[in-house]
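First chain A sits with chain B, and in the next complex the same chain sits with chain C.
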Partner chain A sequence: MASKKINKKDIAKLLNQWSRDFAVFAPSRESGVATMARWGGKDTGFLDWYRNTVVAPKANFLPQMEEMFRFQKDGEGYHIELPPDGEKQLIFGIRPCDARALAIIDANFKDLYQDPYYLSRRNNAVLIGLGCTSPGESCFCTSLGISPAESNDVDLMLTDIGNELLAEAVSAAGKKLIAKTSGLKAATRNDEARAKEVKKTAHNKVTRKINAEGIVERLLACFDDQGFWEKVAAKCISCGICTLLCPTCYCFDINDELIKQQGTRFRSLDSCAFPVYTKMPMENPRAEKWKRVRQKVCHKYGFFPMSFKDIACTGCGRCVRLCPVNWDITQVINSVPAKTGVKK
Partner chain B sequence: MTTTNISPSQFLAQDNVYLPHIAVIEKIIEETPNIRTFHFNFKDKKLQKDFSFESGQFGEYSVFGIGEAPFCISSSPTRRHHLEFTAQRVGRVTNALHRLGVGAEIGFRGAYGNSFPLDFLKGKNLVFVGGGIGLAPLRSLIWNVIDNRGKYKDIDIIYGARTPADLCFKYDLDIWGRDKTIKFITTVDRGDESWKGKTGVVPKILEEAAPSAKNAVAIVCGPPVMIRFTFPVLTKLGFTPEQMLTTLEKRMKCGIGKCGRCNIGNIFVCRDGPVFSYEQIKGFVSSEY
Partner chain C sequence: MEQKLRNEARALLEQGKVDWIIGFEPGSLKFTTTPLITKDKNDTERLVINPFITNNLANFLTGIKGRVGIVTKGCESRSIVSLIQDNKVARGDVVILGVPCPGIIDLSKVEKLAGKHRDELDDITREKDRVIIKVDGKTKEFPATQAIFDHCLACELPTPKEYDILLGEPTPPIASPAAQENIKKLKQMAPEERWAFWEKELARCTRCYACRNVCPACFCQRCFVEETEPQWVLPAPRWQDNLIFQIIRNIHVAGRCTDCGECERACPVKIPLRSLTREMYDIVGELFQFKSGMDKDALPLLTHYAEQEAEDLFR
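What follows is the complex of A and B.
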């Protein structure tokens, strides 16, 4: 299918049109931090400031907190009630790094047992990617096989070509969406050439690099080097912000709440940075901070790829940008020695 | 990625592994002052009939309004009149469980995890080594083996606790002690005037009993410190790492390998275990167990 284009001035019209069929989410700063927020109907000019959201769009699929079911007791015992229907979401403007992150963590939620909460949202969402043309200083996506303005993990990919956005369908759902959408203009060969140039330029703007070569083996080789991990963990304050904002961190907790006989079982994001995460009544396998930091690094760059092939990091840079003590995973990965370190 | 037409709530209802089944507590046995065994049955009679599990598997048990916690099924799949689990009062959920009475409803998800490899154990001499509440998963297997006695060779059971009052499943111990086809030893770290069994920690008593490693498999479960000291003794007796099995315990929230916390390297105890051979454990990336 030939690509289309959208005038930036028509973004509001377009999102309003899509709002008829979807719960539309777009970048917003209304809450004080950049998030994917429910589209309010009026152009907020987000294209002018949007680089990426602080809260990764994983929140649309694995919310910080979500109700799993409710329970109530009557004379016959407990009754369980599922939450109401989810919405068909359309996420507008997701960056290639964050779209890849979802594709990566799908593996966890599909493996062996299907996770109905996450997967029902994934199966009922349309992702509209928006190429990133000004990657931040902390971004390092290209070291992980991602290009900031290109994605196969979305349904429709948009590229900023000046006054307009070029729209290219990536999936069948993207094609269907283009066919159903009115007001799109056919793109010219010039537009497409311009988009190609924009993608190439964006790619070259990512200057931060990590050396991920042989990282699984390198990590396994220095896994028992306590001195190395103590040094790596020294300034971490176990606040967990890197994991909570990370687009590929999916660890969660399950808890109950009971208010006036109305009970809720909910799940919430959890973090390997917290000692209580692994704490059992009698012992804790990761009571020490260096073990928790080791777990974080090794899960992303070692254990996850051992189980599912992909490294569970997309170089989005949030953990580097937003860490209160400037802990920097890129420095850590680059400092993991080539496979000559302490062997088990 | 494709969009499907299935509505999210249909999906949630149809295939929701997180929804607990309602079960009713039918009997409570006070094993020790802080350990209780709960007999339960599912409220749904069809489920009670269709439910299947293997020795070694565990479930996630809910006290509604308090939360979920994992315990092994401590009864045997060969005895399906009801199901059993055993819990020590140590945390939030177990304290709530201990406040429940007969007739109370709990939630159950499972059975999860792998199980003791019955095919591998068939035709072998079995040496059970248990400590304290660690007898719970072994007990499911022991009754399973007793109920299929012809499939297995000699049975040794060495079980210990800190004091006579800390021994669990005394009603089972009595039966196994009288069973002429079982070599049965109980031991306590500290005895009292009426104690007639052995005195000494489990690994030491195991070394004295010295069961033969020939055509044998040792199945070990107890507090981590007991397990750590038992493997070297078994090694000394000639058991190879493949001939030693244990079941590991971790904080397991989801029970199905998704929530992240029970990993040891790339192994998830809930999904890949909880039963492992010492050979597997030696191969783990991490010693965080």
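What follows is the complex of A and C.
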């Protein structure tokens, strides 16, 4: 299908049109910080300020906190009340790094087992990607095979070509959406050439690089090098920022809240940075900070690719720019020694 | 000042007077620094002092074994003194490398002044009471008071009172009323409005606990939020539980909080936490005429017992 385009002035109309069929989410600072928030019907100011959200769109599929079910004592057993299925979401403006992140965590929630909560949202959702034209200083997506303005992980990809956005269908769902959307104009060959240029320029703007070559083997080789990990972990304060706000970190905790004879089971994000994450009645295998930092790095760059092929990092840069002590995973990955010569 | 610091730090390690040096080195992003915690004398060459040394390094003292030479701004010196009062740090185990601090640059404020994201700025420099921003080949100047953190505007001790080596000339407090603007606004709100304000702010808390983990006064081995019997708060980030977490944390650090502002700065979702901590700081001052971290020989406010001041219940 030939690509389409839409004037930026008409984006509000477009989102309102899509709101008839979807719960539309778009970048917003309404909550006090940039998130993918329910589209309010008017404000397209994000087209000017939006770089990326602080809270990754992972939250639209794996919320920070959700009710799994409510329960009530009922004779000998319990009456269980399940939450309604997820809404049909349309996420407008997701960045290629964050779209890839969803594809990465699918490996856990979709392929390894079928997580009903995640899938009831994920299977229904339409992702509208918006190419990133000013990647941040902390971004390093190109080192992980992602280009800031290109994506195969969305349904429809938009590229900023000046006064207009070029729209290219990526998936069958994207084609279907374009077909039933009114108000889109046909793009010219010039528009397409311009978009190609924009994508290329954006790609070259990503200057932060990591050396991910042979990273699985390199990490395994230095896994027991306590000195290395202690040095790496020295300034880490063991907060949960880099994990909870990471678009690919998916660990969760489950808690019951019981009041008298009834209660709710909650699921919420958890973080391997916290000592209690691995605390068990008799011991804690990761009581020391260096072991937790090692776990975080090795899970993303070692164990995850060993299990599922992909590295569980998309170079979105959130952990780098949000860390209160500037603990920078790109420096850590680059300092993991080459496989040979690591044993002392 | 920087070279003097490097020399002193190197000498301390070489002479075996300390096992560790804690200071700042250049960060990996523009206009940032990062804590440097090292035993290696050669690393001291990377030590810096500049308007971006944001962290409160006293936070690292309780997690380190051995004697430490530590780069110390006024706020850090108060945190160290508070830790000494609480017997968490022995005065003899720290060599305080005092740094007079005229205020740390708040990049969020600079972004607003420049109308640009920090990534797009070419340079930010501090010249006495001016901050100079270079962007798009142009130079913009602002009074420093518009570009430094609120807690720096409120700082009562820019130059450490407790130190072993003082690097540079003492600098006076700024004492700008602007530091308390947000708190004033909150106090003027009707209770319902203020409740709604905090509901909205705390709804986005992710329970990353960065506010707690950057805080030198939060030194509990086990935080109440991690207790399961009883479970004081739900570990999930429900706003009401987030509120309880903040209130209890605030009460726990009363008399220890030095208004260093780290909790608010560290918050990834920009919850105005200092509006809570500073208010508590002022309440402590008003009720007990106590300023935390000013005198290492003073007894810690809420953990000491004096018979004559006890109410009948405790006698």
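Criterion: the second predicted complex is superposed on the first by the 331 of 344 C-alpha atoms of A that agree within 3 Å, B and C clash if a C-alpha of one lies under 4 Å from a C-alpha of the other, contacts with A are read in each partner's own complex, and residues count from 1 in each chain.
FYI, a contact is a pair of C-beta atoms (placed from the backbone, for glycine too) under 8 Å apart; a residue touches a chain by one contact, two chains touch by 3 or more.
Note that the structure is a prediction, hence the values are computed from the model and not measured.
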item	value
Overlay on chain A: chain C relative to chain B, clash or fit	fit
Partner chain(s) touched by A:299 [first = chain B, second = chain C, both, neither]	first
Which of chain B and chain C A:269 touches, first, second, both or neither	second
Contacts of A:253 with chain B and chain C, given as first, second, both or neither	both
Partner chain in contact with A:51 - chain B first, chain C second, else both or neither	second
Contacts of A:325 with chain B and chain C, given as first, second, both or neither	second
Which superposed partner A:186 touches (first chain B, second chain C, both, neither)	neither
Chain B versus chain C as contact partner of A:137, first or second or both or neither	second
Larger contact residue set on chain A - chain B or chain C	B
After the two structures are overlaid on chain A, angle v-u-w for chain B, chain A, chain C in degrees (C-alpha centres, nearest 10)	90
Nearest-approach distance, in Å, of chain C Cα atoms to those of chain B in the combined model	6
Overlap of the chain B and chain C footprints on chain A, listed as residue numbers	253, 255, 257
Chain B to chain A touching residues, read off their complex	1-4, 6-9, 11-20, 22, 24, 43, 62, 64-68, 90-91, 94, 105, 107, 223-224, 249-251, 253-254, 256-266, 271, 285-289
Of all residues in chain A, those that touch chain C in their complex	31-33, 35, 51, 54-55, 64-65, 134, 136-138, 234-235, 237-241, 244-245, 253, 255, 257, 266-269, 271, 274, 276, 289, 320-322, 324-328, 330-331
Chain A residues within the chain B interface of the complex	68-69, 71, 73, 77-78, 80, 82-88, 103, 108-109, 111-117, 119-127, 153, 155, 171-173, 220, 223-224, 250-258, 263, 265, 270, 272, 277-283, 285-286, 291, 295, 298-299, 302-304, 306-307
In the complex with chain A, residue positions of chain C that touch it	27-30, 32-38, 55, 59-60, 63, 117, 119-120, 200-201, 203-204, 206-210, 212-214, 226, 234-238, 262, 265-266, 268-271
